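Working notes, beginning with the structure itself.
Order of writing sets the chain letters: A, B, C, D, E and F. Residues in each chain are counted from 1.
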Amino acid sequence: MKKEFDRKIGQQAIMYAFAEEEEEASITSELTRKNWLYAKGKVGSMELQKIVAAIETSAKRQWVVNPELYREMHALYHAIIEAMHGVTRGQVELGGMLRTAGLRFAIVRGTPFENVEEGEWIAVAVYGTIGAPVRGFEHEAIGLGINHI
Amino acid sequence: MKKEFDRKIGQQAIMYAFAEEEEEASITSELTRKNWLYAKGKVGSMELQKIVAAIETSAKRQWVVNPELYREMHALYHAIIEAMHGVTRGQVELGGMLRTAGLRFAIVRGTPFENVEEGEWIAVAVYGTIGAPVRGFEHEAIGLGINHI
Amino acid sequence: MKKEFDRKIGQQAIMYAFAEEEEEASITSELTRKNWLYAKGKVGSMELQKIVAAIETSAKRQWVVNPELYREMHALYHAIIEAMHGVTRGQVELGGMLRTAGLRFAIVRGTPFENVEEGEWIAVAVYGTIGAPVRGFEHEAIGLGINHI
Amino acid sequence: MKKEFDRKIGQQAIMYAFAEEEEEASITSELTRKNWLYAKGKVGSMELQKIVAAIETSAKRQWVVNPELYREMHALYHAIIEAMHGVTRGQVELGGMLRTAGLRFAIVRGTPFENVEEGEWIAVAVYGTIGAPVRGFEHEAIGLGINHI
Amino acid sequence: MKKEFDRKIGQQAIMYAFAEEEEEASITSELTRKNWLYAKGKVGSMELQKIVAAIETSAKRQWVVNPELYREMHALYHAIIEAMHGVTRGQVELGGMLRTAGLRFAIVRGTPFENVEEGEWIAVAVYGTIGAPVRGFEHEAIGLGINHI
Amino acid sequence: MKKEFDRKIGQQAIMYAFAEEEEEASITSELTRKNWLYAKGKVGSMELQKIVAAIETSAKRQWVVNPELYREMHALYHAIIEAMHGVTRGQVELGGMLRTAGLRFAIVRGTPFENVEEGEWIAVAVYGTIGAPVRGFEHEAIGLGINHI
């Protein structure tokens, strides 16, 4: 992995969301080497709030954020909503517009800037399908939200 | 490359947008093998319309769409705007909100569904940075738009 | 009916949505003469997804779209959502904003462009009232969505 | 013209925007009979503010609103912006998204409710085409905004 | 209270929403002196429609609007929705985005313009907190909507 | 000033934006007592980016944020855009919708939460008028954005 990619917290979150087994191990060992935190999960729902909740729960349970600090949950929440803009493309809504999403998500927390004073940032990547509540009547969607934490 | 990934026109467009030289060759040879069309380019601007125009121009010049057919340009246009929702996350606007974007983009046109009657679809992936018009004061952003064509 | 109007798939969909009995017959015979497909219906709801579903169901049952093809349902879905933007004017939402809509809708599928290669397009017109969930506390609203199919 | 249609200020504004010569005369004589005010015009632009300005200017010059009263200009302005939502379907923007609109518009001011205490309302209808800044690469769009005045 | 502030219907609505007991008396006596109407209330909910309903109900019960006139309810409704834009900042949605709001609101109806022909206007101010459905994980938010009535 | 108000960073930013001379001194001495940072300014423009720039410049010049740190500028930027949602109510746009704003703004940086680990937050309050580019054809608007920093 190239040095430059090293800093790309967003691209790493996306690759981690894309990754299947063996690739996953290579990504997480790289993230661990840098002392970055990460979490991953899956969620499918017509209710957007369930997707937000699933990402928050994974981030908390996998120790990417401190669930006791509003500051961290606030940073995470806005990163999630920004990521969902990429998935929903216009209105951050699913069931109310008669559509459903099946998503994998990855959360990465690290220090993407060279200047150490820039501190920690969090990236939320979501990737999967969005479409009608009919099997196969769906296409891919992606989203990425990045915030200082 | 796995069979399943084969059909993921969106993920392939994203990987192509991410790709540097050698990886790029492996992706394009795979796309060529499937007789899918593709184009790639870069654009940086505070004016969103210049980004739309740059993607349209690449798609036309690299023969991914037929510039004589409104039908195809209409499909492409909506895929571009949907992709820009992921980049702008809320308001599809750059300079008017005092921000600028530097993006790589990839366009892929192919047949992602098993059922041949589903015909051709187009995916537009954009990836890069968005931020203040100050060097380094920017973070990553991604977007993906998919449409039938 | 003038030649020029002949091609105006959107205006025809609107006139069809407006039409009462005898006018309706004159519009549908004209559409039939051109071999265009059409459907019509009514729906009233505080839930936007029910309106989307009602329009989709009419389009399927009245053979305007092929319900087996995602390609066609995707074109229709986006035309419906675009039409609902005209009705909701800002946020594609009804009950969540304490408002309800009573709509007639018309769907027309045809070839509005002279160039035969432009192929088929679909127009969804919705017209009716939007307002508070109180009888008479409502005003008119219209929307039109057009997509290639 | 049926009694019921009589009250439909929005539909009348749309029909007036659609109308060519002779139909126009029949609509305006009907509006005059009811002592309703009306104005009509055309505008084409990539700049949304020019469209807003053109509609405002017509409404003022054709005595539909009193240009000295902010109250009336405020009612008109919001009706125009609501109408433009139907045309732009998502983001009230034209050139910044590399698209242009060519519109006819009609403004009608009257008393659409039976209860005289409901007073005057204003309807702004816009109808025309929206699309790429390339001749013929455009489709129809409509919008309607209604406000109390 | 200065003369100039006298006319600021929006600022007065905000100060009234902020006010606790004694300050409240000073504001309402000032509003009464000018023959302006006012109402105040509190509401907490994850459902935006409940907030809209609570503000409408207070305005009706405290005689700020005439509940029999759609004209007045229409003016009020749009002022409420505009105020909620300030609270929600992007998407006028609460629970669907997994957030909740606890708000005080004030409604003021008066004549903020020197020119008497400008007539009556209505201001809706909302102030409180928005955040996760977790106690203390919330920050302040404000909104103001103003409309002619 | 009550203890509880002490923590209300948003309300303090709004009161500071509202304040004229003597009140201003009482607010700033209170903010200074708590070791909170603050800045204030005025800006009028039809161009939203000029308003964003003016607030950023004031925050930098009056030492509320460190202009060398993207982290801080990122927090400030999002707080500004959130505040502008309250002012623009729907579309974060001014001139493109033929409207202009004249605003006072206040920025406050402090520790609004009792738990010291919640650290610093920033509040941006904007208050003034929005309307047609015609003197007096405007009404009040407010906005508040709050972010962790």
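Of note:
Quick note on the criterion: a residue touches a chain if its C-beta (ideal position, glycine included) is under 8 Å from a C-beta of that chain, and two chains touch if they have at least 3 such contacts.
Source: prediction; values computed, not measured.
Of all chains, the one whose Cα centroid sits at the greatest distance from that of chain C is F. Taking the CA centroid of chain E as reference, the farthest chain centroid is that of B. Remark: rotation between chain A and chain F after Cα superposition is 180° (nearest 5). Mostly identical positions are employed by chain D and chain E in their mutual contact, as over half of the interface residue numbers are shared between these two copies.
By residue number, over half of the contacts seen at A-C repeat in one listed pair from D-E, A-F or B-D, namely B-D.
Centre to centre, using the average C-alpha position, chain A and chain B are separated by 20 Å. Centre to centre, using the average C-alpha position, chain B and chain C are separated by 30 Å. Look at where the CA atoms of chain A average out and do the same for chain D: the two points lie 44 Å apart.
Averaged C-alpha coordinates give centres for chain C and chain E that are 37 Å from one another.
The multi-chain contact residues of chain A, meaning those touching 2 or more other chains, are 70, 74, 90-91, 93, 96, 113, 121, 136, 139.
Those residues of chain F that touch chain B in the shared complex are 47-49, 52-53, 56, 70, 73-74, 77, 81, 91-93, 96. Against chain F, in their complex, chain A makes its touches with residues 69-71, 74-75, 78, 113, 115, 117-119, 121, 147-148. Against chain E, the residues of chain F that register as touching in their complex are 8-11, 14, 18, 82, 85-90, 112-113, 121, 123, 125, 127, 136, 139-146. The residues of chain B lying in touch with chain F in their complex are 90-91, 93, 95-99, 131-132, 134, 136-139.
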